[in-house]
Amino acid sequence: MKAVLQARDVNKKFGAVVAASNLNIEIFAGERVSLIGSNGAGKTTFVNMITGYLKPDQGQIWLDGQDITALYPRAITHLGVARSFQIPQLYGELTVLDNMLVANACHDQKLSFWLPARRSVAIERADALLDRFALTEHRSRKVAELPGGVRKLLDIAMALTGSPKLLLLDEPTSGVSAEEKFPMMETIMAGLGQDSATTVLFVEHDMDIVNRYASRVVAFYSGRIIADDTPEVALATDDVRRYVTGELLGE
Amino acid sequence: MALALVGALMPKWLTFLITMAAANGLVSLGIVVLMRGGVVPFGQGMVFAIGGYTAALMFNKMGITDALFLTLCGGVIAALVAAPFAPLLSRYRGIFFAMLTLALSMVTYGLLMKLEVLGGSDGFNLGRPTLLGYKLPDDQVGYIMYVLTITVSSIMALLARIYFDSTRGLITLATKENELRVEYLGGSVRYAMAINFILAAFCGGLGGALAVMALGHIEPGVSFWTTSGEFVFVAVLAGWQSVIALFVASVVLEVVRSFSSSYFPNTWQMALGIFLLIVIRFLPRGIGSLWVKGGTR
Amino acid sequence: MLTILIDGLTYASWLFIVALGLTLVFGVLKILNIAHGSFYALGAYAATSFVGWAGAMKWAPGYTLVAMLLAAVAVAALVAPLTERGLLRFFYGRDEVVLALVTYAMFLIMEDGTKLLWGANPYYVSEPYGLFGSIDIGTQTYVGYDFALVALALVVGFAVWWWLNRTQQGKIMIAVIHSSEIASSMGVNVSRVYMLAFSVGIFLAALGGAFTAPMISVQPGVSVGVIIVSFAVVIIGGLGSIEGAAIGALIVGLSRSMAVHMAPVAELFSIYVVMAVVLMFRPEGLFQRIQARKI
Amino acid sequence: MAIQSILKATWSRKAIGTAVTLIAAICGSSAAQAQETFKIGIVSFLSGQAAESFGIPAVNGAKVLVDAFNKGAAPAPFNKAGFGGMKIEAVYVDENGGATKQIQELRNLYDREKVDAVVGYVGSGDCLAVAPVAEEMKKFLILYDCGTPRIFEDGKYNYVFRTASHATMDNVALARYLKAKDIKVGSFNMINQDYAWGQDSKKDFVWSMEKLYPNAKAGEDQLPKFGAGQYGTEISALMAKPADITHSSLWGGDLQAFILQAGPRGLFKRSQVILSAGDHVLPGLGDKMPDGVILGARGAYGLMSPKSGLNDWWWDLYSKAYNVYPVQAPYRMVQSLLGLKLAVEKAMASNGGKKPSAEQLAVALRNSEWDSPAGKIRMALGGGHQAVQETAIGKTRYDAGKKMVVLDDIMRFPADCVNPPANMKSEDWIKAGFAGAKGCP
């Protein structure tokens, strides 16, 4: 089975802080991988290196056997890597629909000076996604007026426009109240479509969510990978319980 | 067109005033193109000057007199001159973009003052243009320039509207709010900015050429920072939402300026200044906001 | 060579004082004040009036300097708070460029305003110019006053630096410069700070005007020239940076005097070229940290 | 979307349409009573750098003179009330704001304010810009002040006149004065503003010197920008290259600042300074004006004006109104208005007393001549559209008794000595060694 994403001996330092040391990961098509770890463990750094926002000090990252280490975020996006953000990065002054249309426009292979951004095909595509993420009701509202949860969903929906190979979700449920978390993840998963070929990598703190939705867990601690296995196994290891879930404090 | 017919009935000074307003409006249209992307150039006087000098020089030195052709040349040359700077400028935002464009226009100003082949600081005159091979009679020339100018402006306004609604246009609008996300959605911010700068230069060039042919004179002053300031003001006064608002705003400014300077010769600048303040204070989103609802258009 | 240095320095001196005010106002209020030159002119006019009164009250010639200082203080104490409270504050939070336009309107208004107050006739206050005698250096004769200005510039520069870095008030000021939100959340009365900063900035502009008044004929139009030059300075030095203003003023002064001595033809746009070049390589100016964006 | 924008377009067209009718109404009122009065548009600098030295003195001069005309108080042959009985109504416009604005304002004056003639323009650029406009509109225009020879040497006009000599005269006269007083000139420095006025004055002076002082070397050639205000550096440069003569065409605030800064640094002691247009700063500077500076006034104006009844009348009229004596600017204004008055009355004499048309005015003024406080004005050049006049150069001395600067060693140059003949461009004329110059002292 061929890896969608491969990280080879990836290292990154910020001054004295080690954000990534010898990361070696292979992610396979269709996997739902959850990155866990306490704050500053290197999860987001890893995500940022995949999307090209940060460049590794050493090592390469391969997408479908193509080295993407040196590429710009834009190029990587065009190769089929999309991401959402811990704090949704949206266009507050525009309506939900227009936000989706921006995403659409960016994915149009040939940008055009006259082709209307609001042409029917684009709107249909956008509406379809909005529908999958249960956002249709907000369709023509200004994003600035929307509640946090809805923004999270829109953020992800936009990332999904252009149907990426690999989708990176940075703490999809952060800032969402406990009782909303599960419905939210349900919507997201529904939005992804269970059968879809989209491989998902999501950074998550809530272990119940991880347990329920991840097919595989990669645990980080101070830039190292301390566990990489199915949720059951990974979450049971001492390191994870000590450094991530904090169950074995003081031993 | 309605406006063209109205023009026939207007007193001459008003047709001329609107001609100038429309020509200047084109420059401001260029500024709006950039404003939608979140940057405001304080040196559009430069492209105005380039367009103007192009038309004037081709007229005097090369004997090309067709108004329409000269207008197009003005636009094209301005765009060509602007093109090399576009990639550089696309890196800058906010006040730095404004200041760098200002510096460029002031350098242009200095050069124009120097080059005596271009008439130095006094500038020079150009004769009466022809249109599609026809000579323009004395009593008609004003009106014909008027029709030509508003026609060109209307066409550009339409094209601008189409561009603003296109995929590129929407991305520009998005860039204004969140460049990072545009990049992460796979759009190129700098490319969009560079394109917009060149388009803005094209509009400015057209405006410059038209204005110069209507005035029959060109001088370096048009590249001075105060001129650029007025173009920006019209753009702000109009707001970035409506294209038509732009030309309304331009006319309003011209009317206020001309009446204040003939009725308060000693304090017309003060009158103008107070007018600017009132508008900026009470029409924060520009004249356009008077009839365009919502933020997305 | 020496003359180039001296000329550059003397030119830089008054320019620094004016630019410092401009950069301070931008640093704190985030306003690029196009009307700064008008306040310079206002200072010059006020100086002529004050020195006139000083003469009328039979002050000793030495005190004309005090009179000029008072003139600047008066402008800062009366006009500055008025404009800030009465006008500018209604536009806070608007786009930088809109704010610049507001000050452009102020510039237009003050242009006629000074004319209404002082009329169009020229005013002279050349008495102070002679106070410090003259000094011969090589073939050149220099006026002591020019060097006094350099000294004044140094004093002002140091004073402002000390104020910002060594006093409580100044520290607050710095905090606001970095982020007015955070500062206000820490209980700083931002609007007071704004008024203070604006007044100080205007004071510096007026001071520059007041102390150049003796070398020029004060009359309509003096403001226009000053604006762009001081812009160039702060752009080169980096908006909102004191060191920057100093270095910028020196660069402008020296490049200008070099142009005048070696290639007079280039004087007209030497400054803009320097400005453009600096902007291309250091868009934020020589003394500004480039702020990184965050995800 | 395009459709919507068209809808908007028509909407706003309505808006403009209403605006049109509104404005038309406003100006209709101003158009009404233009019959028994003769309306003059007077354009000069009311703000900006040229207001203090040129614009406002000229406008002041115009105001007192128009009053005197309307009262019929002027001496013969100008003693008819108003213009041939018509009351004179003057509207004033600020010349500040650039040539583009001037073109628009001139059109407004003719079309909206319905003025019968426009007298104005100090800036050469403005003159070049507005002349063709008046010509195209077939309206009567008098340029009263601006200096560049280009206007009538490069262009041909029917409705445009200039009632003062162009700037060539000023620098030719300076050079001739040096020669006549045989002042030794081994080398000369120059400082002129970096725009057309300064550049042209510089050229004229250099060419004249080449003819009159073939061996004199040109030294420093400083070109500070207009409105620089600070001249410390330029002064150092000038003093670093010692020269017998320092020539300058600076004017207004720039000239005053230059004098204030150069004085203490001893420039005036080390070099004979000559100013082509310096007279207007004398009343203001007073004892701050160094002695022994040779200067001109762009004509026989102010302290150098010739003795005549007309001049005495004018001098008193102005001095009483503004308690300062008139310098060059008001003189040039008055000579243009006097010329206009005679032209109007001449035209009325030939058309049976009706208000003359622009054509009739042009015919009347073309090739005419009249006496002004500054001597005889002759519309001799540019096909009778460009005036020539005598000029004078003098030397400053502060008279502590009178508490004012006076001028000594005044030398007069008749018009034909310092102006080119009708068939020659100034540049060629100077380079041809002032071919055909007559009556030089």
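As written, the chains take the letters A, B, C and D, and residue 1 is the first residue of each chain.
Throughout what follows, a contact is a pair of C-beta atoms (placed from the backbone, for glycine too) under 8 Å apart; a residue touches a chain by one contact, two chains touch by 3 or more.
Given the structure is predicted, the values throughout are model-derived calculations rather than measurements.
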Chain pair with more C-beta contacts, B-C versus B-D: B-D
Nearest-to-centre chain - CA centroid comparison: B
Gap in Å, rounded to a whole number, between the CA centres of chain C and chain B: 32
Centre-to-centre distance between chain D and chain C (centres being mean Cα positions), rounded to whole Å: 35
Centre distance in Å when chain A and chain B are each reduced to the mean of their C-alpha atoms: 44
Numbers and ranges of chain D residues touching at least 2 other chains: 1, 46-47, 194
Shared interface positions of chain B, touching two or more other chains: 113-114, 162, 165, 180, 266, 268-269
Touching two or more other chains - residue numbers and ranges from chain C: 111-112, 115, 265, 268, 295
Chain B partner contacts - residues on chain A that touch it in the complex: 51, 72-74, 77-78, 82-83, 85, 89-95, 98, 101-108, 111-118, 142, 158-159, 161-162
List of chain B residues in touch with chain C within their complex: 40, 42, 88, 91-92, 94-96, 98-100, 102-104, 106-107, 109-111, 113-114, 180, 225, 229, 232-233, 236, 266-270, 272-274, 276-277, 280-281, 284
Of chain C, residues touching chain D in the complex: 3, 6-8, 10-11, 14, 111-112, 115, 120-122, 124, 126, 129-130, 134, 139-143, 146, 212, 214-217, 219-222, 224-226, 256-257, 260-261, 264-265, 267-268
Complex interface listing, chain B residues touching chain D: 1-3, 6, 9-14, 16-18, 20, 113-114, 116, 120-125, 128, 138, 141, 154, 157-158, 161-162, 164-165, 211, 215-217, 219, 221-222, 224, 227, 242-245, 247-248, 251, 254-255, 257-259, 261-262, 265-266, 268-269, 291
Chain A-touching residues of chain B, taken from the complex the two chains share: 162-163, 165-171, 173-174, 177-178, 180-188, 295-296
